[in-house]
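Just so it is clear, A, B and C label the chains in written order, and each chain counts residues from 1 on its own.
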Amino acid sequence: MIGFLLRRLSQFALTFAAASFLLFAVTEFSPGDIASKILGPYAVQSQVDLLHERLKLDDPLPVRYFRWLGTLLGLVDNPLGGDTTGLGLTDPRGSRYFGNLGYSLMLKEPVVDVIGDRLGYTVLLTLWAVVFIVPISIAVGVAAGMNQGKALDRVLSTSAAVLTSLPEFVVAVALIFVAVAWLGLLPGTSTMTGGSWSTTAQLILPVTVLVIASASYVSRIVRASVVDTLRRPYVRTALLKGLPRRQIIVHHVLRNAMIPPITVILLQVNWLLTGVVVVESIFAYPGVGSLLLQAGLFGDIYLVQALTLLALAVAVGTQLIGDLCYMALDPKIKVV
Amino acid sequence: MTLSSSTYRETLSWATAGSRLLLRVAAISRNPTAFAGLSVLVFWATVAVLAPLISPYDPTAIDFSAAADPMPSWSHWLGNDSSGRDLLSRIIWGARTTYTVVPLAVGSAFILGIALGVPAGYFGGWADTFISRVSDVILAFPVLILYIILITALGPSLINIIVAVTLSYAPGVSRLARGITLSLREQDYIAAAQLRGESSLYIMLVEILPNARGPLLVDLCLRAGYTVIMVGTLGFLGLGLPPPTPDWGGMVVESAHFLSTYWHMSLFPCVAISSVVIACNLLADSLRRDPGR
Amino acid sequence: MSEQMLLSVQDLSIAYRKGGATLPVVRDFSLRLAPGETYGLVGESGCGKSTVAYALLGYLSENGVLTGGTIRLNGVDVTTLDDAGLRGLRGGDVAMVYQEPVSALNPVLTVGRQLVEARQAHRTCSAAEARMAAIAMMQAVRLPDPNTLFDRYPHELSGGQAQRIVIAMALLAEPKLLVLDEPTTGLDATVEAEVVDLIADLGRRFGMGILYISHNLALVGRICERVGVMYAGRLVEEAPAGQLFSSPRHPYTAGLLGCRPSADDRSARRRLATIPGQVPLPGQVPPGCAFAPRCQYFAAGRCDRLPDLPLEPIGGNASVRCLRHAEIVPEPIIPQPAAERPAPGMPVIEVNNLVKNYASRRMLGFGRRAPEFNANDDISLSVRGGEILSIVGESGSGKSTLAKIAIGLEEATSGKIVAFEHEVGSVRAGRRPRPLLRKMQMVFQNPDSTLNPAHTVGAIIARAVRRLGDRQSSEAIRHRVDILLAAVALPAEFRHKYPHELSGGQRQRVGIARAFAGNPEIVVADEPVSALDVSIQASIVNLLLDMQACSGTTFLFISHDVALVRHISDRVAVLYRGQVMEAGTVEEVFSPPFHPYTARLLAATGHVSVPEPANAELEATAQPPVGGCRYFDRCGLRVEGLCDRMAPPRSQRSESHFLACHHEFSFLAGQPGANSNKVQGD
């Protein structure tokens, strides 16, 4: 068990390392000089050259990757800090500390501070979304699957099929139109700063959009799995043993039918991050998703790197949790 | 060496496979769900092809008088956008954008994915391990975030969007193709082909790939639908094609501020995008339920 | 009368709805079963046997509809029961044992929990009491170490163990009727024999009525008092078992009996009786007698007239549904005996000290290597030109692996195979020279996967001709395809069909045509008929024998079916856990059997049972003993301290016959397995 966990962990560490390298390579090796990107379009060539020199941009990619990694781990100084660059970037923690993600060029602040302020909001949004997505999709999927072919199933399946086909921004625009522009029940933006609307009211629309987009998909998977399980010979065995219906559903159908959707639900966290970017941008929500988009549009490479690393950690972490859930639920998975 | 002698036969086999696919599409058309999906896709395809002929205005032409009153009217059936451009024309030309980006992007993702996945599954070994690992790494990136970093790095353009979609989908396709190949590889007819001394290329192209068509086609439809969503979302987030190219997602974001008064500016492009996605998903569903033979 | 009957089924009709049409699958089925009686229901697949079985528990599949009739169990009509009534009936009064035991058990619950559940559904009892009952029942079905097995999951059991669990589960609520639907399909022959004996024993002990459904006549004959034969949804004959076997009155019954080589049949190399054609699909059953199109006694204008042929009593508690039963004495169609077997030529394949280890798959990436599994361990054999050599053994014996290495689909770990003067043990097909590929071809087991579903029959055979034959012009290839199709008795129009349009038997025929496309010198047939219905099996075996006789091709026939092997082979090698236990001519090996394992295999095919020592394992344990005899743990004649320590010597009895056993020939010849068989044979 411990051995399995260690093996799985090292595997994920490897994936994470490879992904971070890929991320570094893509962001640093985009067309154009990093130094001139950092300094902006009005910089003088001599400044650019100076920064280029200072960042040692002529070193080969792996060297630069490991230097970046060293900075992140607090082993190497971040060359961008201090007043000498003329960029006005300072970090109260100094230029060498564990978790040093560099400076946001857009906000002229250390990335750690920028993210720290906003991460909580995104966690809040995502957690609320997950809290609704899981029970709703299981309830809808099971209800549809157990009544396969009946009216209830048709209504639920068709709505789920249509809702998965709608892009998040379409759902958001539609909800804003109905709830904000037409009925005036809820705020159209969720800046989470005081004002006339409570924070709960501000959360309702963003959470609803995420729930609609994800739950419609997950419930279809749950339904398919329930339908598939119902056809299994062991469910027939349970029925022909004379077990009460409730017992058949709970112990024989659901216990098995929940195994495949686990992966999907956890992968959904990955999709959810996509939705978060869209939803936060639409509702001007002060989370890291909208920040990532702004950083991307601005060309704030250090902020983009940091936020993507964060997303990668979440994605890889959920895979690990998925493995553990699988092991707990499916006795066929051997822990060697 | 073995391939050259059988190239003709392979072409023939693909041609018959193609004609059988058409027959199947015809058969599927009798299924109402599939028929609905297929008709919507064909409708937009026709619109895209005929755009220069049927579009009433130039999609980028600005009508200042209409900008003042952009609501739908006899001269502008679907009304105008906030800059006074004719919405109907922009939607018609937007279909062209969608029908250029999506097939190219999904097509190249499938070619790359199949080219990696089938040999990985068939040969196994270190190449398989390598391809699977790289796929894992790419799949660890949330899709939109992958687009954001790729498009920030490369800049928004038609080609770059296609490259981004290809890179993000190819691992998933390759994983699917690998999985199908792994199960088909154990079939006795593959053993029979090996006992005839067929080349690996022949076995992959002629014995395996035609049997992988069903699940790949379903996946293709689903991914095409999702690409429409993604291209729309990129446009909506300002990462899409640079303006003034008519792009459905971009049209929604340009008009989102006027939602309370000028709802039509968002509604029509939203409907256009959703109809294409729903059509793709309907088609995928009916293909999955009726896997042909 | 019906009051004292345990089960009384009257005119039961069941249909399936399919795309708007209603297809009858069971028609006017009647059956009476007294308490404690054992009744066998036989027939090929698609005859409606399983549908009847499930109907007895008030269960119809999703699209099934009851179109008429009653099912009375203890006087209660099952067809009119409500949900609560059905719950009490199922598992309570009538319990069922299923075809595939492993998939009939819930994979995520321990077997103990599933057993307890069955008890508690019908008896009010505490968890502890239910557990005691379950353990007791596990002992009753002769499961070793019930307390440990209780906490196991289904996937940790062998097929035989899983089937015993399913039987225990069925018996836990002490049902009055036990329905068994092909309970031994998929189990090894020796395990199958144990399970059948167990069922017969339990039936007597608990005084249950038993309905045993099977396609295997020999098994049904082994335990049933009365037997009913179903064809196309109807009972065509019903009689006491002995009478049915000795003097069948329906041509279908006679045909079925003739299709199988009988257990005590010693005359090798004779062809099997066949029934032409195949079972009609529901909805395509002809009017009049459903069997008419396949019947040699068919009389036009009579058999195809009557819309409702009655099941007529013919005395002696028997009845038959045949218009001409009074006029004919049905006999199986025995084709002309095959030609005299030629004397075997020089060895064409030599297998020397062949070893194949399977390293078990590592977990992705960082796994540790798990212990290796030996499929073939030190096999030495030779195959001679023109002979039919059969490799017989149970699952896990390594017989398929041996064939695959020889043909080039696997590589040996060590040792040699020399085929036509080429060393091929570690050379896969892709690296073998073309002329060698031409010489060795294969017929596969599974009709569902032997043909590529994406290509037409014509294209499949033509490709084989192009690659393996010497003709290259498309006209010549076309001609050759026609010849091959004719040789396997398929119409020429079949060239345009796709595999999914063909029946299992037809697909096997195409597979055979493909194997013979380039006139090979050796054909390896890996269980070529095991996935087919009995009557189809016979015709495919005959076809293989014909093709062999015509071309003089050497045959390497891989099978688990001892009766069949005995029937068709020149020589036979018995494999157990990767070692040759015994090899020789059919006569030498089977008449009488010497090796304890051979004796046991043979016993499993017939009515003879070999006494097992109480401590011998019923099934192979996971790990073979190191160093000793592979058969040690299951052997009734084992000598502790010798057999488990030292590998048995290979003793030569004649030039062609050898066996691997510590015992002397004279000792082995005096054993009950050998003796009883000898007596029976004489």
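We take it that contacts are C-beta pairs under 8 Å (C-beta built on N, C-alpha and C of every residue); 3 or more make two chains touch, one makes a residue touch a chain.
Everything quoted here is computed from the prediction, not taken from an experiment.
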{"item": "Chain whose mean Cα position lies farthest from chain C", "value": "A"}
{"item": "Pair of chains joined by more contacts [C-beta pairs], A-B or A-C", "value": "A-B"}
{"item": "Rounded Å distance between chain B and chain C, as computed from the means of their C-alpha atoms", "value": "49"}
{"item": "Rounded Å distance between chain A and chain C, as computed from the means of their C-alpha atoms", "value": "53"}
{"item": "Distance between the centres, which are taken as Cα means, of chain B and chain A, whole angstrom", "value": "24"}
{"item": "Chain A residues counted as touching two or more neighbouring chains", "value": "none"}
{"item": "Touching two or more other chains - residue numbers and ranges from chain C", "value": "365"}
{"item": "Complex interface listing, chain A residues touching chain B", "value": "15-16, 18-19, 22-23, 26-27, 29-31, 161-162, 164-170, 173-174, 176-177, 180-181, 270-271, 273-274, 277-278, 281-282, 292-293, 296-297, 299, 301, 304, 307-308, 311-312, 315-316, 319"}
{"item": "Contact set on chain C toward chain B in their complex", "value": "365, 407-409, 428-430, 432, 434, 437, 440-442, 444-446, 449-455, 459-460, 463-464, 467-468, 498, 500, 511, 514"}
{"item": "Touching residues (chain side chain C, partner chain A) in the complex", "value": "54, 57, 59, 83, 86-92, 95-96, 98, 100, 103-109, 117-118, 121-122, 153, 155, 166, 169, 173, 363-368, 370"}
{"item": "Of chain A, residues touching chain C in the complex", "value": "7, 10-11, 232-234, 236-245, 247, 251-252, 255-256, 259, 329-332, 336"}
{"item": "Touching residues on chain B, where the partner in the complex is chain C", "value": "9, 13, 17, 129, 187-189, 191-192, 194-198, 200, 207, 210-211, 213, 293"}
